[in-house]
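In the two complexes below, chain A is the common chain; its partner is chain B in one and chain C in the other.
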Partner chain A sequence: MWRDTVLVAGKDLRIEARSKVALSQVAPFGIVALVLFAFALGPDRGLMAKGAPGLFWVAVLFCTVLAVQRSVSVESADGARDGLRLSGLDPAGLFLGKSAAVAAQLVVLEAVLAGGVILLYGAKVEVPWLIVVSCLLGTVGLAATGTLYGALSAGIRVRETLLPFLLLPIAAPVLLAGTRIWQAAMAGGTASDGSPWLRLLVVFDAVYVALGIVVYGPIQESA
Partner chain B sequence: MIPNRNVHPPPVQSPRARWAVGIIGITAVVATALTVWLGLWVTPPDQSQGDLVRLVYIHPGVAWVALYLAFALAAVSSLLYLWPRTRSMFWDRLAAASVEVGVVFNVCTLISGSIWGKPTWGVWWAWDARLTSTAVLLVLFLGYLALRRVPAEPDVRAKRSAFVALFAAVDIPIVHFSVLWWRTLHQGATVLNPNLSPTIHGSMAWTLLLGFVAVTLVFVWMLLVRYRIGVLEDYLGTGELDVALRERQAEGAVTDEEEAA
Partner chain C sequence: MAPAAPPSPAILLHDAVALSGRFPLLAGVDLEVATGETVLVEGPNGAGKTSLLRVCAGLVRLASGRVSVLGLDPVRQRNRVRRRVGLLSHASHLYDDLSVRENVRFAVRAAGADVARIDGACDRLGLSGRLLTTSAGKLSAGQRRRVALAVLAARWPELWLLDEPHAGLDASARQTLNQLIDEAQASGVTILIASHESGFVESLATRAVTVTGGRVTDHRPLGGGSLGAEAPSALNPGQPSAPTPPSPDRPVEGRVAHVA
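And then the complex of A and B:
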């Protein structure tokens, strides 16, 4: 399973390295979203800094939708999906590999967005490690749910409109938890302020990664 | 398009099933009428809430159906569909019917809650934990229904929908807790906490209980009717395929004759 995971993740990341879609389209989109949020809130920096945690995660969710769409669409051409299905790779490894590739791209995007939030909104972070941990945990959950829904919607012609509708409400706990942890980190709170939320993220990740490992095979068959 | 009756006989509902659905429907109407009569005329107004309290005879029952019964039924039947040993279109149709009727009850919950919230809290909507969870549940349900509307083979659609229901079912407890903490960590004991039932007794308690029974019966009746509609829809779907096949065959027959001539 792990070998297959590395193979699939490597394949997706190689495609990204050569096409640079996430880097040249998704990351700039995230920045655009941040700028638009700033316009919506007005030039008050205090207000922006206050809203920064939530806006950061909303931007991350939007970028997740795009990254997942991309992850699905690289399989849609030339019967690549059937090829993968026939390749004899372990479905669990396939799921973990595709999730890992999405997660790797999201981590880079989050670094860009976090920099943007700190620079543009003047958000002051007192406890940086709390944010790093929450981003990593949140990313695992987003990548796992995104990959699951991506596989589910792979064969659907109206995928582009359906996927955000299905995925974003499911990811609501990540948004809530991530935002609260950012706020705790900005307020200089201790780890205990964020710990119930960190636990929530761990539960979310564990549930959806486990679910994905079990059901990815049957999902692939049905798509 | 009516399918060819010789190839696909229409699904017949047994007389006993039709009788049972009718009885449940009539009981539901009677129970609802009784609840309305008791709730509006017989029971006294509440000391602090006045006539507003009368919403308590409907709202909790509707909410119980929307948030627990319909949702649990959809989750369990989706799981039973996914389980290879119990896989049958029965579970798929039951899940679909349950979600669709559940959405109606969910919207009714939100509306009746808003009607109560405006005079009591002063706002139509508050970001209370329960309200927010209910709204998220509604959105998840709507996503499920949107997915079902995507044209696909019945078994592919059933499998996809069952997976989405499963993912949503797993998400609901997490959403519930996150929203609960979101409120409680945000501010202390909330003033919006709906403290609806202070020492409820006598005729009010009986009416409340009857309200639960009536609403549940209405749900069951709607579920059964929606299930039947699902069966007929699938029947029409196979019929359309049948008609299309015959049209293609007829085209072939014409060209054969022309070629012969």
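And then the complex of A and C:
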């Protein structure tokens, strides 16, 4: 399984390195979303700083949808998905590999968006490590759910519109927990302030990674 | 002393029915293909030739009936079957952003085959020099087909399922493909070829079956497969093909060394 995970993740990341879709399209889209949020909130810096945690995670969710769409579309062209099925790769390895590649891209995107939030909204981070931990845990959950629901929508003609519809409600706990942890980190709170939400992220990650390992194969065969 | 049991067929379909929604892809196919046999599958458009190959590859599940591929159930034991089966379909299964070499390497590694055979297989299909580092997205349809064939030649599975294999290939590539098929026959590979262009294939196949309306409606013997081990290699003209049969324990090293 791990061999297949590394193989698939390496393939997807190599494709991203060549096409640079995440850096040249998804990241600018996220920044534009942050700018538009700022326009919508008006010139009140205090209001922007207060809303920064939620707006950051909403932008991350939008970017996740695009990153997952790209991950699915890579397998849709020229029968590549059939090629993967025919290769006899372990479905669990395939799920983990594709999730890992999406996660790696999300980490970079989150770093860019976090910079954008600090610069544009004047957000001040008092407990940086809490921000880092929440981003890492949130990334795992978003990558796992995105890959899972991306596979569900893969064989459907209207997948471009169906995927956000499926994914965004499912990812709501990440938005909620991530926002609360960021609020605690920006207010100079302690780890205990964010710990219930960190636990929620850990449980969310564990459930969706385990679910993906078990059901990704059957989903892929039936899509 | 009891006579030895006959070897199980490479492909066995009994009353196989496959559906796409409510549309019948196969409507009760009975077909048996012996190990090492090369069978041409003929029939008009939409007759079920491609579906038959996809059932054998485990990509399409039967609604009823029975299928066995290499003695295994291609649905329940799909990963074991798929690593031993190669499907050359209308799609080339390539990633446009990866180079030719990267595509072949990924496909071969994913199938658990020996990467040492990649260079020889690519050379043989005319994929060399700058072409190896060219993105698959920049290739012509014929070149993409060559890459798909290179994957098959590098993997050298036990069962080849070839769907219109000559389509989109130029004369040189068609000749190379015929030589590959001939060498595969000589090494004991079982081959199922779905083709409209019977003229290219009849000399290679030992038997033809006609599929009409999702059923096998006719069988006829052909005189193909006679080139056998006497066929010259594309890389070693005048040299007989290595007859080394591929096996899981010693997977076609001799064959591949010859390819390379």
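Going forward, the second predicted complex is superposed on the first by the 223 of 223 C-alpha atoms of A that agree within 3 Å, B and C clash if a C-alpha of one lies under 4 Å from a C-alpha of the other, contacts with A are read in each partner's own complex, and residues count from 1 in each chain.
Everything below uses one rule, namely that a residue touches a chain if its C-beta (ideal position, glycine included) is under 8 Å from a C-beta of that chain, and two chains touch if they have at least 3 such contacts.
Everything quoted here is computed from the prediction, not taken from an experiment.
Once chain A of one complex is fitted onto chain A of the other, the partner contacts of A:177 are limited to chain B, with no touch recorded for chain C.
With both structures placed on the common chain, the touch criterion links A:40 to neither chain B nor chain C.
In the superposition on chain A, the chain among chain B and chain C reaching more residues of chain A is B. Using the contact criterion defined above for the overlaid structures, shared-chain residue A:196 touches chain B, although it does not reach chain C.
Shared-chain residue A:14: touches chain C; no touch with chain B. In the superposition on chain A, A:169 makes contact with chain B only, while chain C stays out of contact range. Once chain A of one complex is fitted onto chain A of the other, the partner contacts of A:215 are limited to chain B, with no touch recorded for chain C. Contacts of chain A with chain B, set against its contacts with chain C after fitting on chain A, share not one residue. Across the complex, chain C meets chain A through its residues 57, 59, 61, 78-83, 85-87, 89-98, 102, 106-107, 109-112, 135, 144.
On the chain B side of its complex with chain A, the touching residues are 82, 136, 139-140, 142-143, 146-147, 150, 152, 156, 159-160, 163-164, 166-168, 170-171, 174-175, 177-179, 181-182, 185. Of all the residues in chain A, the ones that touch chain C in their complex are 4, 7-8, 11, 14-15, 18-19, 74, 77-80, 82-90, 221.
Chain contact summary for the complex, chain A toward chain B: residues 145, 148-149, 152, 155-158, 162, 165-166, 169-170, 172-173, 176-177, 180, 196-197, 200, 203-204, 207-208, 211, 215, 218-219, 222-223.
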